[in-house]
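Each structure below is given as structure tokens.
Next come two complexes built around chain A: one with chain B, the other with chain C.
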Partner chain A sequence: MRMRGALAAGLLAPALGLMAGVYVAPLAVYFVNGFHAFRDGRILPVWTLQTYADFFADPFTYRVVGTSVGLALVVTGLAVLVGYPLAYALHTRVRSRTARSALAVLLFSPLLVSVVVRTYGWLILLANQGLVNTTLRSLGLIDEPLSLLFNTRGVVVSLTHILLPFAIFPIYSVLGRLDPTLKEAARDLGAGWGATFLRVTLPLTMPGVVAGALICFTLALSAFVTPQLLGGGRVQVLPLTVYNSTVEINWPQGAVASLTLLALSVLAVWVLETALRRLPGPEDHR
Partner chain B sequence: MTAETDRARTVLLRSVLALGVGFVLLPLAIVAFYSFSSVAYGVFPPPGLSLRWYGHLLRQPAFGWAFLRSLGIALAATGAALGVGVPGALALVRARFPGRELLRAFLLSPIVMPKIVLGVGWFIFFARLGIQGGVAPLVLAHTIVVLPFVISIVAANLVGLDRSLEEAARDLGASAPVVLWRIVLPQIRSGVVVSALLAFLVSFDQVESSIFLTRGENNTLPIEMFLYMEKWQDPTIAALSALLIAFAFVLVAAGLVVARGADLRRILPR
Partner chain C sequence: MSEPGARGAAVDVSGIIKRFGDVVAVDAVSFAVQPGEFFSLLGPSGCGKTTTLRVIGGFEAVDAGEVAIDGRPMGRLPPNRRETNMVFQRLALFPHYTVHENVAFGLRMRRVPEPELRSRVGQALELVRLPGLGGRRITELSGGQQQRVALARALVNRPRVLLLDEPLSALDLKLRLQLQEELKRLQRELGTTFIYVTHDQGEALALSDRLGVMAGGRVAQIGTPMEIYERPTSRFVASFIGDANLLDGVTEALEDETVVVRAGSVHVRARRTGAERAGQPVTVCVRPERVRVEARLDLPTVVPARVEDRAFSGTLVKYRLAGGGLRLHAAVPYVNGTALFDVGDAVAAGWEPRQAVAVPAQ
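The block that comes next holds the complex of A and B.
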């Protein structure tokens, strides 16, 4: 059924009205603040680029951007490195359909629990006398407890855990769409397991890897709860700059930091989407 | 390649899988375990077991009210997002007009927008409008956050539909709105249900987007917990978290049973 223009406009109008009023307008009002100045605890209603100039002249800005991007890269890399074998093992080595769906539900179950709860779990696990340190000590691997909380390590471990389902899911779904005859053909032509994996399975599942990396990177870049609760003030990332600027009523600086964060997210999406378009999909080889 | 090395590989990969599931569940399991700890500080293993933190939780009615508030906000935001998102997805998939791809990208863009940025934007916006406190700003904000999930899932479900059913209905004299309501919507019911579940979960777990819209009397549950954790780290939060984890698993189990029941009804001969 082709839809007439009037009907389509009527169907889209409520969504567009809501987006204009509660999305575009608030962001516009907020971002305009970036072109105002902030002096002595007050926002000056003058039009200036001074806030931008100050923000990008401050070496601290580059440290924060470096920490944010570095953290997002490391966490994304870890989530994909841990997620790929899990998706692969689940797809290829669990034959029973019931067992496979049960394991999939377990792997995705943390998403049902608030990110605050998951972060709290890591707070308990990584404490000086927590499970991780106690286990390592009783195994004789360390003498002194490792300090895993209130620094980058704890944030990395916890964020990797939080983002892992987003890495597993796209890889698992691409594995499911893979034509099994391709693998058989490679085996018949004499390729061993390693060669088959490296030359057939891995390249064909790269779209899933890139899609997973895309979600993980953008979510890691804008993560706030975990760096705030586990970073102990030592993991200064852009979302915390936005939060702290807002608390100090320095909306101009918050707006500039927000636009920087948004620009980094959009850049990451653009880079990875370009990569995704250049990759062959599993259907292209049928 | 021998069968033996393949068996070894299976054992290895299954161990990796077991370790992975363990890693994924460990923080949830430890939270449930610590809710029965007898002491306030985090030491493993705890020196004794007790129910004192559940008692402590019961004496803090703020958490109960925040839970009910979050539930209400999530239901309202999900309903609103379905109300505007399902028709929007229909038009996006079915109508042909210039700029359609741009419009789709715009409607899905809140997914990429960092939540803390949206949160500050809403804080300033609603303050300017003189709307402070209450749940209305939270419902509106959460509706925007979950709308892209509804639109993308429903749109994906609309793409593969068999058009001949609709053509038949048209030939039999049904008007366009009747075809949408009686023929198209019933076919995408599962997509609508999935998107509603996801929207509910996403709304229920909003922290960054809502933290500047709450001021104590209208705290949502994750915000109440976040603020409590910034001050104290005793197992009261573990007790509450354990209850939430149990609640989530009961919901999933119920969902699975309902889904299985529905499938059985379809498969079994009448």
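The block that comes next holds the complex of A and C.
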């Protein structure tokens, strides 16, 4: 028992050391700044809650938090809405193994490209003279170019694209573990395709949906590059506040903003984890 | 015994063929099941019995042939539009629903009004002896209780035909025997037509009004349990159902009611079924409990033999015998005082001709 404990400690040590050294410690140092003041371009080594008070008294804070959470919710919702049918099709319609893995690679491919490159790609697509607008105009569907850049629309489209694989794969994996006889049983008891989906498949794959949503939400909430490049400064989200504060050496404000971001993520994880625990999994009946 | 296409059949399966790739899972299977009948499909695994059941339920489309329920051809009607319900081998209870909601599922699909639904679910749970468990989660039930819920979930819809796919195979022996009795009781009480798939011959013989023995995607024989046991028409059926001595030989003479077969170095007699011709190779099938073992016997068939082995099991004495170029198993009832033969003793083994049957050799 003692040996196993020592072994476990030994195995965990590198990871824990790395986390403590390069993550927890710098984070702690940074967060400490939140209890200092910032005046005339300098951090004052005094202990105060003034930065917190200022941050949460500023109406702009609530606009930024609102934009961040709203953006993350919309992107998460879209990723799940687009991802579920995709995962379902991949699971039910694609029979051959090779086709299935080829499609899986294709779906994962957005992650193979750097986020900056990918975002510039979207810049080209969504610009006024970009592919989307020229296509729509040549089809005569619009007269004036749609403004898809430097506003929330472009950010939403691009973030959804990037986060799609994170929604698809948890759902796909839960679908794969679903006992196919459950669907047959529903059909046998008189349910058509729709009722079978709504009453059996969907509820039993909710753990996958929740897991996918959790990943998408936290990633969307902390997304920085996409809102920065495609938002053109007009989509003010919390990670941008952190970035701007840090650049301006306003570390106290940056620390408070990051802590707020962290708290929102933890809250989201807690809410969804609670939901997940109440859902029966696809294997609970075995 | 009814023929395929019989009038008034609850289920009429005629000439169905089902292929999976190159494999013919069901090869021209036909049978008819009468209303209120307990019909079993019995066979080893891979014989096509489950596929046949799934075809009737609408889960597999046939390559040829037709299934009619109550005289109505089913064609490609999906399961949800057939008046059949299935009890699945893996039960397939919905883990996210309570017992009540599982049982109510079919009624909800048919939009049965809530008060009627409640009373019917309650009745169904009483029928399977689980009253008051409606609020439980499926995961809180034992294997036997889950089995009962699966039955209630199917029966509550009052199907014209209940399809059961080895529903008891996951249970231990004691529970299995108990549930066999209950199945039989339910079927008698409700008068529902049951089609029951099993690989357990004891189960099939005990439960069924009639059964079809399947092998290699075909129906080998259909009949009552007694007919199948007493008058197997093939070597496969004779060996699959119960124990049997299978003696290969050649038909030598045909008498009024018996056929004389030369097997090994002796002549044995079996009941004549009418199809025999002289000179034809046949297999004589005689059940071990029909073989008499005495010091001396006066019967049309007597095989002089030597005792090779003896096993005593309380109610029976089982002998392994060899003689006349044949090997024989005999199971003699044991009552207090029955003289036992020892290994090496010379004995006479024999049987009445009507206790044996000749089937085509293969």
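As a convention for this text, the second predicted complex is superposed on the first by the 282 of 286 C-alpha atoms of A that agree within 3 Å, B and C clash if a C-alpha of one lies under 4 Å from a C-alpha of the other, contacts with A are read in each partner's own complex, and residues count from 1 in each chain.
Just so we're on the same page, a residue touches a chain if its C-beta (ideal position, glycine included) is under 8 Å from a C-beta of that chain, and two chains touch if they have at least 3 such contacts.
Just so it is clear, the structure is predicted and the values come from calculations on it, not from any experiment.
**Student:** Among the partners chain B and chain C, which is in contact with a greater number of residues of chain A?
**Tutor:** The partner with more contacted residues on chain A is B.
**Student:** Is A:N33 contacted by the first partner chain B, the second partner chain C, both or neither?
**Tutor:** A:N33: touches chain B, not chain C.
**Student:** For A:T76, is the partner it touches chain B (first), chain C (second), both, or none of the two (neither)?
**Tutor:** Touch partners of A:T76: none, neither chain B nor chain C.
**Student:** Kindly classify A:T201 by the partners it touches after superposition: chain B alone (first), chain C alone (second), both, or neither?
**Tutor:** A:T201: touches no partner chain.
**Student:** Which partner does A:T260 contact after superposing on A: first (chain B), second (chain C), both, neither?
**Tutor:** It touches nothing on chain B or chain C.
**Student:** Taking the superposition on A as described, I'd like to know which of chain B and chain C A:G192 touches: first, second, both or neither.
**Tutor:** both
**Student:** Now for A:S68: first (chain B), second (chain C), both, or neither, which partner does it touch?
**Tutor:** neither
**Student:** So in the superposed three-chain picture, is A:W122 touching just chain B, just chain C, both, or none of them (first/second/both/neither)?
**Tutor:** Once the two structures are laid over each other on A, A:W122 reaches chain B alone.
**Student:** Touch test for A:T181: chain B only (first), chain C only (second), both, or neither?
**Tutor:** Second partner only.
**Student:** Do any residues of chain A touch both chain B and chain C, and if so, which are they?
**Tutor:** Common interface on chain A, chain B vs chain C: 187, 192.
**Student:** Which residues, counting only chain A, touch chain C once they are in their complex?
**Tutor:** Counting only chain A, the residues touching chain C are 179, 181-182, 184-192, 195, 199-200, 203-204, 279-282, 284-285.
**Student:** Using the touch definition up top, name the residues of chain C that touch chain A in the complex.
**Tutor:** 57-59, 78-80, 84-86, 88, 90-96, 105-106, 109-110, 138-139, 153-154, 157
**Student:** Enumerate the contact residues on chain B facing chain A in the complex.
**Tutor:** 1, 5-6, 9-10, 13-14, 16-17, 20-21, 23-28, 30-31, 34, 41-45, 80, 83-85, 87-88, 90-92, 94-97, 103, 106-107, 110, 112-118, 120-126, 128, 140-141, 143-144, 147, 151, 163, 166-167, 170, 176-177, 179, 201, 204-205, 207-208, 211-212, 221-222, 225-226, 229-230, 233, 237-238, 241, 244-245, 248-249, 251-252, 256
**Student:** Give every residue of chain A touching chain B within the complex, in rising order.
**Tutor:** So the residues of chain A in touch with chain B come to 1-5, 7-12, 14-16, 18-19, 22-23, 25-27, 29-31, 33, 82, 85-86, 88-90, 92-94, 103, 105-107, 109-118, 120-125, 127, 129-131, 134, 158, 161, 164-165, 187, 192-193, 218, 221-222, 224-225, 228-229, 239, 242-243, 246, 251, 254, 258, 261-262, 265-266, 269.
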